[in-house]
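In the part that follows, the structures are each spelled out as structure tokens.
The same chain A turns up in both complexes below, where it pairs with chain B and then with chain C.
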Partner chain A sequence: MNAPSSSSLAGHTASGVNRLREDALRELPHLRTRYADAFRPVTRNGILGVMLAVGLLALFITGFAELGFSFAKMIAGLDQLGKFVILMWPPTPGTMSRFLLFVHALGETVAIAALGTVLAAILALPFGFLAAKNVVANRIVHFLSRRLLDTVRGVDTLIWALLWVNVVGLGPFAGVLAIMCSDTGALGKLFSEAIETANRRPVEGVLSAGGGRLAAVRFGILPQVLPVFASQLLYYFESNTRSATIIGIVGAGGIGLHLSEQIRTLEWQHVAFLVILILATVAVIDALSTRLRSAIIGSRPAAT
Partner chain B sequence: MAIRHLAAEGFLLSIRDISRQFATKTAVDNVSLEIEPGGFIGVIGRSGAGKSTLLRMINRLVDPTSGRIVFNGVDITGLRGRDLRRWRQSAAMIFQQFNLSGRLDVLTNVLMGRLNHVPAPRAVLKLWSDEDKAIALSALEQFDIAGLAAQRAESLSGGQQQRVAIARALVQEPQIVLADEPVASLDPRNTKVVMDALLRINKHYGITVICNLHSLDLARTYCDRLIGIASGRVVFDGAPDALTDDVARDLYGLEAEDVLGKAAAMPHPQAAMANALSMPA
Partner chain C sequence: MTTSVPTLPPAHSRALALRYEREIGARRSRVLLGLAVFIAAMATAGWMTEVNLGKLFQNIGAFGSYIVRLAHLANGEPVWTDLGEWFWGLRKWTVLLGETLLIAYLGTALGAVCAFILSFPAAFNLTPSPSIRFAARRFMEFCRSVPEIVFALVFVIAFGLGPIPGVLALAIHGTGALGKLFSEIVENIDMAPVEGIRATGAGRVALIRFAVLPQVLSGFVSYTLLRFEINVRSAAVMGFVGAGGIGQDLLEAIRKFYYSDVSAILILIIVTVMLIDMVTERIRHALTGMPA
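Presenting the complex of A and B:
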């Protein structure tokens, strides 16, 4: 078979098509005057964009300089990093009883993440709707619910954990409460944004049939946003499994406690084993949530 | 050498025994066609007959399960990479749902048709040459929508959007235009405007047009050759005059009376009223 050549495939040789190009080039001076905006080499938006980019770059460089960013320090520390890696090999829990202890703690961490996320979602759902402009027209309600979510979100999970440990004592219960609090703020904001980008048409359809506002939300908006909610929720569950590790360090239960203990006692092989255990768990959760997500979203009929 | 022979006979596009299977369904079943340059060819048939798959296979948006497509002596069924992109540039596609990038302005959408004429880094940075802009604007002028060049594509009406899509196809400087149900989502007035735009591409620039159409009336008005497809097979191929109502009935089955647009196909008003008033048993 012949190799395709530009002359046989591309249109330049066809006599008729050249007409478009010839006409356009002959008309070029007139087109230039008629559509001056289209031919302007630099637009105002373009100049603003470049200025913004330059400004951001300057800010970025200043930031690095201020924070003492130094390649020299990184390179000097590399051999230290290498030593840790050698000390970590081979990863092992040491004894069988310690292995079981680690697995139990990991289970606790996953449980903290799951319970915390579900509780956060339940609390975030009403706030998500209250904070969405297209559901609640009342500006005061809208403003108050937004600020409430901001405030709750503004306090990090770790801080919430420290607070709750002092209130309800050490243990996983404090961890669940910490995740619930910080993620109510985050999920509430994400939910309200998903609701605001929902298509208006199904809502109009429900209203036009005589439905009330509640029905419009239930049948017009909820079916659209549920898959988005589910997908955000699953991501948060995965992310919280990692967060739950960290809050364990301050005494809110789970595997984090063991992790910090092993680091303190310089048991690097145990540390490596714990890290691998956490990585494997997060990977499994990710795989499961991908499946769950596609099951919830369902297959849409392709456009015909 | 058969290819040379066909090219000498003046066929632009030669489709040979192509089939396409989707899971268990055969969308296109052993179709062979010869397309001469300069024609306005209508592909007709009921929905689901395989018209779209046939057109999409020519542009290589869908790959055939078996068979070959030969254009100007070149087998395009195996093209990849740069060669494939060059082929797609010369076989411009027009879609039922326009397939524009709604948030981009009209001019940029039309300039998408110049992508294969411009080095990739320039295109990505939107550094279009004045020549490309002139080509795009004069294409838009021909379809009376150059004034909308700076607007977002999604703010336009359906008929305007389809004309933008046709301008995009034209500036590709294609040798053939493949229109897949281009008027199926348009009202009667816009249907005429869009079909006239396609006719202009065909008559003024001499570009071959292959157009999937549901409506037989339109096909008879605009096309100089009709290809009827049923269940993935070619069941009619000839001049519009040769397509008798009987053939059309075979082609469309139960839908025939709708597409033929015969008044007789409608139930008598009184009968319809009686039917509407009758209670279900």
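Presenting the complex of A and C:
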């Protein structure tokens, strides 16, 4: 065990490292006898892990066969994809009027995201309090509101968009309602978790000063959770800008309609331009909301 | 029990009250200003998205009646009176749901493998070269910034209709999303084992296998399971653009106003999503050592 210490001073030259390796290998039998535990034979958990891995791998391979993957198909598809990428250069909207159309649709997308998020928050607020254990002690109310939120959350934004298009017709209004519905579930859950982790002491303080239950919520809980809510809201606005770009695919307004149209008509230069436009917008909104978020959270170190 | 609250001299308390009013007043006006900006922004958004309150109230009723119609069969009876009629396509839908789950699994697995490979070049503690790191990070950023359904739209044209574009779209998006999380885990590892293994003269692969992997594996698996949950939801709508799974049937049922079919398929999707969430949540909590 004393040989490596002298050679480790040889620095990181290749020969030094090689010598280290030889020394280490020479020491291996010694180590094996001395630290028998570290070289233990196969354990039951190890076998189970290997079996699980083999099963997942088998599913992986049969899955590809099941879904009709084949080498020839992949090559042909990748060849096509390569052609598309070449055709995308240079990204351009074509005409000025189309550029303005795209920008307007982008504005619509951001507006859908903003309005949808705010409406969702307004709807989620009462559910958040109902689903929080420390506000409503009734287990049935608690359970029912949780399950309702779960159900709403289980339906994808795109499905909500499709349903609302059926009800209110094509257009951005359906998009707003879709974002509102799918986010009520998610925000309600987050709100209730924030409320449950709020500090109990302010509530007790209000109650001991003679405040009622409503006052306890208003002055004991709300000031603690509002900054958290605001930061979550901004985060959802961010992620909704992404989802609002795609709900246009089913006709619920925004830039997605143009995107799917340009893809289906194989106008690759326009597609590339649209994608860049979307990515830039999302990046700008990300940066803005990150700054706002840190400002809100930083100004009042409250419960998280 | 009697208690007495000590009171301040009037002058002193008046000064304090004035001070308090001033402080609160400043904050109040700031809040009001913020509120005004917020309301103006919302009004603009409402104007841009053609929101019409009259239309909204009218449509709330329409949505209510839509829900009611979802709960009725084509012959006008409530759905629960004839479960066989309601779930008439159960066998077909189960197969499609299976396909959806398979798409989600393959997409997640492919994405996780790519993210695993990319996470080491993207981590600053294992890759000193800034240019390699930059390339890996930007690539992953692109992958996760473009929504998967957009990838699916493009892939459907390149690879043809069917589940293949769905799997590839989920895989690419997953590579970006998981790669970022994976590389963050790698950046937070304890470097002592890495130095120990490096001192034995181990190569890069051995280094990752024996020094890094034992530290990051449970985190990687946990995030991959979370991604699987998300991908099951996404795979359910891949059919909207022709990329396989149950989405195609749902789209048709909604477009053709087959109300009871819509509710049946939605229930199947929601139940599946909830079951998967429950199982993976158990596993994730077991992995991170939290009580389930």
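For the reader, a short list of remarks on this structure follows.
The rule is simple: the second predicted complex is superposed on the first by the 213 of 304 C-alpha atoms of A that agree within 3 Å, B and C clash if a C-alpha of one lies under 4 Å from a C-alpha of the other, contacts with A are read in each partner's own complex, and residues count from 1 in each chain.
What we mean here is this: a contact is a pair of C-beta atoms (placed from the backbone, for glycine too) under 8 Å apart; a residue touches a chain by one contact, two chains touch by 3 or more.
It should be emphasised that the depicted structure is a prediction, and the values quoted were computed from it without experimental measurement.
Contact with neither chain B nor chain C is seen for A:K133 once the two complexes are overlaid on the shared chain.
By the touch criterion stated above, A:R200 is placed in contact with neither chain B nor chain C. Of the two partner chains, neither chain B nor chain C is touched by A:R291. When the shared chain is aligned, chain C comes close enough to touch A:I246, but chain B does not.
By the touch criterion defined above, A:D156 reaches chain C but does not reach chain B. By the document's definition of touching, both partners, chain B and chain C, reach A:L20. Once the two complexes are laid over each other on the shared chain, residue contacts for A:L67 go to chain C alone; chain B is not touched.
When chain B and chain C are set side by side, the one touching more residues of chain A is C.
Touch criterion met: A:Y35 reaches chain B, while chain C stays clear of it.
Where the contact sets of chain A with chain B and with chain C meet, they give residues 8, 17-18, 20-21, 24. Those residues of chain A lying in contact with chain C across their complex are 8, 17-18, 20-21, 24, 56, 59-60, 63-64, 66-69, 73-74, 76-78, 80-81, 84, 107-108, 110-112, 114-115, 118, 150-151, 154-156, 158-159, 162-164, 166-168, 171-173, 175-177, 242-243, 245-246, 249-250, 253, 259-260, 263-264, 266, 271, 275, 278-279, 282-283.
Residue ranges on chain A touching chain B, taken from their complex, read 1-2, 4-6, 8-12, 14-21, 23-25, 27-28, 31-32, 34-35, 37-39, 303-304. Put simply, chain C touches chain A in their complex at residues 41-42, 44-46, 48-52, 55-56, 59, 62-63, 66, 99, 102-103, 105-106, 109, 142, 145-147, 149-150, 153-155, 157-160, 162-164, 167, 199-202, 233-234, 236-237, 240-241, 244, 250-251, 254, 257, 262, 266, 269-270, 273-274. The touching residues of chain B, when paired with chain A in their complex, are 3, 47-48, 52, 71-76, 78-79, 83, 86-87, 89-90, 97, 107, 116, 130-131, 133-135, 137-139, 146, 149-150, 170-175, 204-207.
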